[in-house]
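So that you can tell them apart, the chains are marked A, B, C and D in the order they are listed, and the count of residues begins at 1 in each.
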Amino acid sequence: MSLLELKGVTLSFAGSKVLDGVDFSVPAGHIVSLIGPNGAGKTSLFNCITGFYKPQQGSIQLAGTEMLKLKPHQVTQLGIARTFQNVRLFREMTVLENVMSGQHSRTRAGVIDAILRLPSQRREEAEIRQVAEECLSFVGIIEGWEREATTLPYGWQRRVEIARALATKPRLLLLDEPAAGLTSGEKEELIDLIRRIRNERDVCILLIEHDTGLVMRLSERISVLDHGVMIAEGTPKEIQSNQRVIEAYLGVEEDALDL
Amino acid sequence: MSIFDIFTNQLLNGIVLGSFYALVALGYTMVFGVVKLLNFAHGELYMVGGFAGFLVLSFLAPYLGPGWLGVAVSMVLAMIAVGFLGVVIERVAYAPMLSAPRLSILITALAVSLVLQNGMLTLTKGQYVPFGAALGFGGIKLGNLFISYNQMILVGVAAVLMLALELFVSRTQYGRAMRAVSVDKDMARLMGINVNAVIGITFFVGSALAAAAGSMAGAYYGSLWYFMGFLIGLKAFTAAVIGGIGSIPGAMLGGLILGLLESFGTQLPGVGSEWKDVFSFSVLILVLVFKPTGLLGKPEQERM
Amino acid sequence: MRNVMKTAAGLALAIVLGVPAMAQDTLTIGIMVPTTGSEATYGQDMANAVNLAIGEINAAGGVLGKQLTSTIGDDGCDAQLAVNAASKLAASGVVGVVGGYCSGATVPTLKIYGDAKIPLIIPAANSTKLIPENPGNAFMINSTGNDQVAKAIEYFNGKGVKKIAIINQGDAYSQDLADLTKKNWEAAGTTVTDIEVTNKRGPYYSAVVTAITSANPDAVFWTAYYADGGLLIRQLRERGYQGLIAVGDGSNSPELFKIAGPAAEGVIAFSNPTAEFLPEAKAFAEAYQKQFGAAPGPYSTLSYDAMKLLAWALNTAGTTDSAKVIETLQGANFTDSISGPISFTPEKTLARSNFVVLEGKGGAWTLAQ
Amino acid sequence: MAQFPERPSAWGGLATLLDTPQKRYAAIAVILVAMAVAPYVFGSYGTVILTNALLYVLLALGLNIVVGYAGLLDLGFAAFFAVGAYTVGITTLHFGLNFWLALPLAILLAIIAGIVIGAPTLRLRSDYLAIVTLGFGEIVRITARNLRETGGASGLIGIDSPWLFGWHIRTPLDFYYVFCVLAILGVIASVRLANSRLGRAWLYVRHDEDAAEAMGINRVKVKLAAYIVGAIYGSIGGAFFAANLGAISPESFSFRQSVLILMAVILGGMGKIPGVILGAFIVILAPELLRDFGDLRLLIFAVGLLLIMLFRPSGIWPARSKSR
């Protein structure tokens, strides 16, 4: 059974089609990668899934619930979390506060609770904190929680961002180029982390990545997007030998040479 | 007067008023377009422009007379003077602030406007100053509609200035540089554009237009006052936003629309002069609710 | 940082505490008028006149054998600032206060002067709403709106005016006057074609002018101040309005002619007696012009009289004890004033209307008829 | 990790200065005693302007939630101030309502006003929001000027001062203490909000709307909450303002007023409570201390303001603690 199911998703900006009838699915319990040359529309697809872009046509369902009309925060409430291509942590806020943001949609306390410090509010605060701490520990950040998040080394920031996404208690986690800018040692840790997220927390993973080695080792299924069209789908082995995929990548390289 | 006469009269009133608003709104919009700053001191530049025009005219009147020639020359000189004042204000008060939080620049702009306003209060002791122009009352009568030469010249000058600005921005090298800076400052810098010079020119032109409006208003209405910039600043800001802040044609359109709204609002039963500002502001809010970037504003960039 | 704050706090303390310390051989008069903000023009006129009077009083030997000095409390025509100003004046030991221009800003200060038992002479603010708030120490020497409206209606009736348009500026004074006029005018069975409100601070009256002329009234009554009134009159005449134009006492300044130019010819003003046309006030007008380089403003005469009245009351009471001074004022029959004799009703308003009708002729006000 | 800067909190570094409970209690005690004795030190005039400054502390704290926490530029804050003042004025004068019954009504109306103007417009970019709020402020002021119920331009006169358990809150000294209590409550509420789920959400939305939404935060709802809390502060301030002066008129709720409150927020240091308090004291006390300069005082004030902004663009209160 598929956790996420996209059918005929079409997105255009000012007349030009970025996504053209994309059919795509993420089977439950899998680690799936979305690859494709630059400008293929991978991040746009992420943005469609998470509600930031509104596709003109098609359907996007999470476990049978239609999400096409939902706003980003509603998508998150349904159980999809994401990271961003260029890390977007909240400036001027601590690591812990950053991760606490994930719990917002899972908690209730409002103005009056906060001003009166009702017992329920204090309990909830403790819970938010505890979840955040647990998520941070899970991604391997066990100290420096009071530091301003954007002052951390880059590799740490990536992990804080993943912890923040985990704090939303997702069913599906979208990672947008999680390995970009990481050292090879950090990449190994990342592979390990992603596997642990799936295995220990039962979260399905969909990632965009350019590092093909990492993708081949990690993914159980791979989908290939080129010029807004889904051109292949299969196991890493199948994709490696797929003629259209090779052409798509070679084609890009030729273009690159022309420059 | 018949309904038709009232209509044409208010149309004319709206156009004259709208020309003022548009001229002042242009400065707002240009500065916003280039440095993304709401220059709250802009209305005060209009006021200072009026006083500068008055000062020049009182020197020139013995030679050129207090008629249109004298007024025209003093307007041009006032524009140059206030243009430089605008540049100085930018250099002294805004340039050091460009990396500061945006709200801080806003307060700086408010502080500049208070300095200009209260400086003029001190200089004039709060008195109204008669402008001293003698423009006559002649005009053309078309049925029940009377258009004075003053009004014609005023609208004409405003139109010429706006046209010149449009040509300046679309046809000249400086104009292109200005547009480049407004789109992306860093990219413009990489392309070899002297961004500081462009910002300076923008302030010069914007302030000069405000001064033109100020001295024309002084000549046309006959008196000056240190507080006169406040309301028009507010109105011009409104006009710029209705049209889409950052858009030059938008400012012109916004100015005209606001002028017409006020004129017809004054005449409308149930609105009247009592409620006309409420009427205009309500229209403004409605416009923004349905067209969040103003009438001619560029649609907001795709998020992410 | 801490040190800076300490210094600042110390400085603040020093300034606040430093105020009441003053020499014993002078008496201080408080002047509460707006000298900043949109009404600064009128406030300056009033403060000038009070200071002119003080100069003359001092030259003539002062009050109770002491010289007078003045301190200005700027109320900015704003209730909050007025309360601050009044508190400061009250705390700085003034023997009396002359002031009150904006009715709205004057009202909340009455309580403060009342609690401090300081005699207050109000030369300008004349809203009828001041009367019930008066704790008993405030005296209004400007006729109230009722008197002015009575005069105006009498005049309009005499001229056979049937339809009238009233224009105010949306402030307490001009709106009060406009509303009173409308009420009394309609009670007499005549019509008000139009009530218009213009923005202060904006010279753009063309739309209002069209709205007025399209209703074709016999007379236009401007109830607000001269600066904007001058502009309106200009635009009315420029757009070909032929009927009668009348203005209230806020527009009785000769400055009106500078702004309106020839358009002010034949304009009627209902006014408290101003300086220029009163023979006995000629000296005042000249002295004022000489000292301040401008003609007196609409409330300069009354402010001058208010100061003279206060000095008289202090001298007559023979003490600065406020209860005695207030008692003296209540029983005053003060004739040494240029705007006519001053005595008070039990409500502490002027006992008789001193309104006159003026007409603009040759760039100056003259008595009408 | 101590060498890394701590992020600026609502306390703006005060927490590191007062790092032990003893120091904190001592500071609180000093402040409370200072507040209690101030009227006797500064005299009646000092009491009046301190009361005024405390009112502005309350208003600025409210606007700080909108501007400093949620990052929404509001140029029409005086409108909520007016709603509070006029509700109390009209209901006590025309309907003979008790002040303490009028107060919740004022808060309710401010909430409604906040929703009516905020709901359709909070999606707008901040510059557009600025003009919408400015327009709204003017609409409220002009409406107050034109309606008969609000007393027109003369406003309402003779608003009764309230009784509290047999205590007639009447003299300037009474009101000084009332405003002390209000300001303290305002500070407590502000701090508690800043350290709550909602307070963090305001910061998330202010720093990165997209990331905040991706974390499941409904940005419109969160902004609206900030707007409403700000409105409540404003209307409470307005209600007590009306009771204190006994007379209100539309001029007290002009654009100038909104600007003054905004200045207090930004001048001291947006988002930082000690900064906001400092800002409120400056905008009120500075012109008063400069009174002896007559009509020059606003010019001096404006030049001073300009210099402060040029030399401390992020506000007077230090952005970060000194201990690094």
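Definition applied: a residue touches a chain if its C-beta (ideal position, glycine included) is under 8 Å from a C-beta of that chain, and two chains touch if they have at least 3 such contacts.
Predicted model, so just to flag it, every value in this text is computed and none were measured.
Steps from chain B to chain D, taking the shortest chain of touch contacts, total 1. By the document's definition of touch, common neighbours of chain A and chain B comprise D. Put simply, the chain closest to the centre of the protein, by Cα centroids, is D. Seen from the Cα centre of chain C, the chain whose own Cα centre is farthest off is A.
The mean-CA centres of chain B and chain C are about 35 angstrom from one another, to the nearest whole unit. Look at where the CA atoms of chain A average out and do the same for chain C: the two points lie 71 Å apart.
Distance from the chain A centre to the chain D centre is 41 Å, each centre being the mean of its Cα atoms. Multi-chain contact residues, meaning those touching two or more other chains, occur in chain B at positions 118, 121, 125-126, 274, 277, 303-304.
Counting partners per residue, chain D has 142, 146, 210, 295, 298 as the residues that reach two or more other chains.
Annotation for chain A: residues touching 2 or more other chains are 52. Contact residues on chain B toward chain C in their complex (touch as defined above): 1, 5-6, 9-10, 12-14, 16-17, 20, 118, 121, 125-128, 130, 137, 146, 148, 217, 221-223, 225, 227-228, 230-232, 262-267, 272-274, 276-277. For chain A in complex with chain D, the residues that touch the partner chain are 50, 52, 71-73, 76-77, 81-82, 84, 88-94, 97, 100-107, 109-111, 113-115, 117, 121, 124-125, 128, 143-144, 146-148, 151, 164-165, 168.
Only residues 35-36, 38, 40-41, 43-44, 170, 195-199, 201-204, 206-211, 213-214, 216, 227, 230-231, 234-235, 238-240, 255, 258-261, 294 of chain C touch chain B when the two sit together in their complex. By the touch criterion given at the top, residues 67, 73, 117, 120-121, 123-128, 130-132, 134-136, 138-139, 142-143, 146, 210, 255, 259, 262-263, 266-267, 270, 295-296, 298-299, 301-303, 305-306, 309-310, 313-315 of chain D touch chain B in their complex. Residue ranges of chain D in contact with chain A, taken from their complex: 1, 4-8, 188-189, 192-193, 196-201, 203-204, 207-208, 210-219, 225, 228-229.
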